[in-house]
Amino acid sequence: MEQPIAAAGLTKTFGDFTAVDGIDLTIEPGESFAMLGPNGAGKSSTMRMVSTVSPITSGSLRIFGMDPHVDGPAIRDRLGVVAQENNLDDELSVVENIILYGRYFGLSWKEARAKATELLGFAQLEDRADARVTSLSGGMKRRLAIARALVNDPDLVLLDEPTTGLDPQARHLLWQRLYELKERGVTLLLTTHYMDEAEQLADRLVVMDHGTIVAQGAPAELIAEHVTREVLEVRYPPEAEIDLESLGLRLESLTDRILIYTDDGEATMTELVNSGRTPSSSLVRRASLEDVFLALTGRRLVE
Amino acid sequence: MTLLFHFWEHQFWRLRSSFRATIVSGMVGPLMYLLGIGIGIGSQVDVQAADLGTGRYVDYVGPGLMAAAAMQLGATESLWDTAASLKWRGNYVSAVTTPLSTAQLFVGHASWIGFRALIGGTVYLVPLVLFGIPERPTTVLAPFVAALTATAFAAPISAWSGHVVSKGQTEQSFPMILRLVILPMYLFSGAFYPIEQLPLLLEWVARVLPVWHGVELVRGLIIDTDLSFIGGLTHLAVLVAYTGLGMLAGARTFTKALGT
Amino acid sequence: MIAFLLPWRLVERNVIFYKRNPVVLLSAALEPFIFLFGLGVGLGKIVGDVTWAGEVLTYPEFVAPALVASSAMNGALFEMSYNFYFKLKESGTFEAILFTPLRLSHIYDGELVWAMLRGGIYSIVFVVALWVFGLLASPWAVFIPLVALLVGLAFAGLASWATTYVRHWQDFDLFFLVTQPLFLLSTTFFALDVYPEWCRPIVQATPLYHGVDLTRDLARGTVDVSAFGHLGYLLAMVAITRVLAVRRLAVLLQN
C-alpha cells in the first residue's frame, strides 16, 4: 500500500494566525500514530487538512499518494473520520446512522445493512440498534461515531480527541475497540491531549506545540530521550523555604508540587530525608509523556 | 419577587443583542401588515357593506393586529427557544439550582415573554399613530392587554414544551402547532374581519379561544366600538384565566422537565 | 456512481426521517388551505369582487392561484432556513457528510431536491383541490405546480444563502422581517393597480410578484409573452443563488 500520509512543510494559516507551522509527517501502512499536544497546538487543523476538508496553505500533503485538493472524493473513499464534536444525526436511529452513512459512500442498501449489523457488533451497540441517538450515553455516541466511520472499510482512520469528555470506564472501553482496529492492521491517526491515551494506542507519536512538532518517536523512546526513568513528586508546606537547587537535581516546579527527575526515586527520597529536606508528602512513579511535554515546553498538557 | 427580578435581569442580558431586532421587527413587521392588509386589501373593502363599525378598514385591522402579533410572539417564543432553555442551552437547568423554584421560574419565563409583548405593543403605537388610528386615550393601556394576550398563549404553550422535554420527545410537534393551531387562530382571530363572518361553529371556537378576546379588548381601548365595560372585563377575565391555567400546568411540566 | 445521482443520497435520509414523522409533512400540506379559507373566504365576504385582466373574479378566485406561488415560497423559506441552519451549524450533519466522497454541491443540491419534492407534492395537492372547488378556469392551470416549483427553487436558494450568514437563532427574526412583506405585498391579496403608479415597478421587481402573476395567468388562461420574462427572472435567481450559497458554504465548512 502507498504511504497513508506524507506531509512536508505542511502549513495552515487563518489570517495572521499560524495554526500549523511547516510540519513534516509520514505515516506508514498499519501504523498507529498519535499527535499529542495541548489545545491549540495545531492537531485539529492538521486533522482537517488530512481529511481533505480544509485546504492547505503551503507545503505539500499526499494522502495515499494523492493530492487532497484534486482527489478529495477518491481519498475520502478510503478514509474514516471521527470528528471531535459529535456530529451524529440525532433525528435518526443508531442503525440508520450507519446505513445512511454507508449510502453516502455508495454502498447498496443490502451492503449497508449488512455492514451496519457487523459494526453494531463491533461497537457493542447491538441492543441499541433502533434507539434514538439522543438516548445514548457519551461513550456510546463515540463508539457509534467510530462504527459509522468504519462503514466504508477505511484504510486510514482519523480520530480527533476520541475520548475527550468521557469517564474513565468509557475511555477504556473505547481504547479496547481502537486496539482491536489496530490489530486488524488499520492505520490510525489520532490526536489527544492525554498522555496515557498516546501511550496505550500509539506505536509512534509527535508532540506538538504552537503549530510545530517539538519531538517525535515511540513513546518509550521519547521518555528515555527527554526525561529519566522515574519521577519523584514532592510537596512542601507553602511557608517552607527548601533549597533543592543545591542538590544538583533535575527539577520542575509546579504550582502545588515539585517534580524531581531521577533514575531511582527511592534513593533520591532517602537523599532528601538525610539532608533534612523531608517533604510533607511524596510519590514515586514512572515517567510519562506528560513529563516529556513538560520538559520540552515548561507547560503541562492539560491545564 | 427579587428572585424574579434577577431572572428577568439575566434574561435581558442574554437577549440584549437581539433586543434591537425585536424592536425593529415589532415596528417594521406590523407596519408591513398595516400597509399590505390595512391599506392594500382595505382598498378593496366596502366598509359600509362589511359593517365593521369603523371609518376605514385600516382602523379596524390596525388595533386587532397588535393583539394578533402578541399572540404570535407568545406562541413562537414558547416553542424552540423554551425547549432549548430547558435542554441543551441549560440556562433554566442552572436557574433552578439557585433558590428559584420551578414555579417561580415558570412565572418568570412567561412574564418575560409578556414583557417583550408589552415592548412590542408599545413600539407598535408609533405606526398606529402614523396611520391616524387611535381615537381614545385608553390607547395607552392597549399594550398591557397585548402583553396579557401573549402570556395567555405563552403559558399554556410553554407548558407543552415542558411536557415535550420531560418526555424526551422531539420538537416535531412544534411546526404543527404553528401551522395548525396558531396560524388558523391568527387568521380567525377577528383581527381581519368580524368573526360573525365565519360559519357558526368556527365563530364559537373563536369565542372560546383567547386571541379574539385580546383583539376585541385592544380594539375597544384604541378606537370607539360598542364594547361595554362588562364586556371588556369579560375579555380580560378570559385572558387572565388562560394565563393562570397555563402557569399551573407549566409549573408542573417544568418541574418534570428539569427533574427537580 | 453516477455523479448526477449523488444528491439523492440526502433525499433518502429525509425520506427515512419523514416516513416516521408524516404528520409534519401533512401539516405543511394543509397550510395553503388554511390561508385560502382564513383570508380568501373570510375576507372575501367583506372584500367583494375583484377585477383582473378585464374579468370580474370572486375574491377566492383571485387569491387561490397566487396562494400556490406564495405557499411555495413560504415552504422553501421554512425548509431552507431553520432546518438548513440546524444541519449547518448545530448538528454538524453537513460536516459529517463532507468526510464522505460527496462534495458540497451534492449536499446543497440534495437539500434543494428534497425541498422541491415536498413543495411539489403540496402544490399538486393544492392545485387539484382548487380545481375541485371550481377556482381554476383554464387548462393552462396544469402548469401551475411547475411554476410553484420554480418559485420554491428560487426562494430555497435565497434562503440557504441568507442562512449561511445567520449567527444565532434570533437572527431569523430579521430574516422573516424581509420575507413577510414579500408575502403580504406581492399582489397575492390585491392587484398591482392598487399601488400608486410610482410604486408598481418596485413591486414588479420583487421575485414573488413574478410567481404570483404567472400562476394567476395560468389559472385564468391569460398567458402571454410576459410569461418568458417571469420564467427568466426566476431561473436567473435559481442559478445566481446556487453559486452564492455553495461559495458561502465552502467558506464556512472548508476553511
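Points worth noting:
Letters A, B and C mark the chains in the order given here, with residues in each chain numbered from 1 onward.
Criterion: a residue touches a chain if its C-beta (ideal position, glycine included) is under 8 Å from a C-beta of that chain, and two chains touch if they have at least 3 such contacts.
All values derive from a computational prediction rather than experimental measurement.
If each chain is drawn as a node and touching chains are joined, the picture has every node linked to every other. Set against the C-alpha centre of chain B, every other chain centre is closer than that of A.
Distances from each chain's CA mean to the overall CA mean are smallest for chain C. The mean-CA centres of chain A and chain C are about 47 angstrom from one another, to the nearest whole unit.
Separation between the centroids of chain B and chain C, computed from CA atoms only, is 28 Å.
In terms of their C-alpha centroids, the spacing between chain A and chain B amounts to 52 Å.
The multi-chain contact residues of chain C, meaning those touching 2 or more other chains, do not exist; every residue touches at most one other chain.
Chain contacts: chain A has residues 91 touching two or more partner chains. Counting partner chains per residue, chain B has residues 170 touching two or more of them. Listed in rising order, the residues of chain C touching chain A in the complex are 1, 9, 12-13, 16-17, 91-93, 95-103, 253-255. In the complex of the two chains, the chain A residues touching chain B come out as 91, 134-135.
Contacts from chain B toward chain A in the complex involve residues 168, 170.
Across the complex, chain B meets chain C through its residues 15, 17-18, 21-22, 24-25, 28-29, 32-33, 35-37, 40-41, 43-46, 49-50, 52, 80-81, 84, 170, 172, 175-176, 179-180, 183-184, 186-188, 192-193, 197-198. Looking at the complex, you find that chain C touches chain B at residues 21, 23-24, 27-28, 30-31, 34-35, 37-39, 42-43, 45-48, 50, 59, 78, 168-171, 173-174, 176-177, 180-181, 184-185, 189-190, 194.
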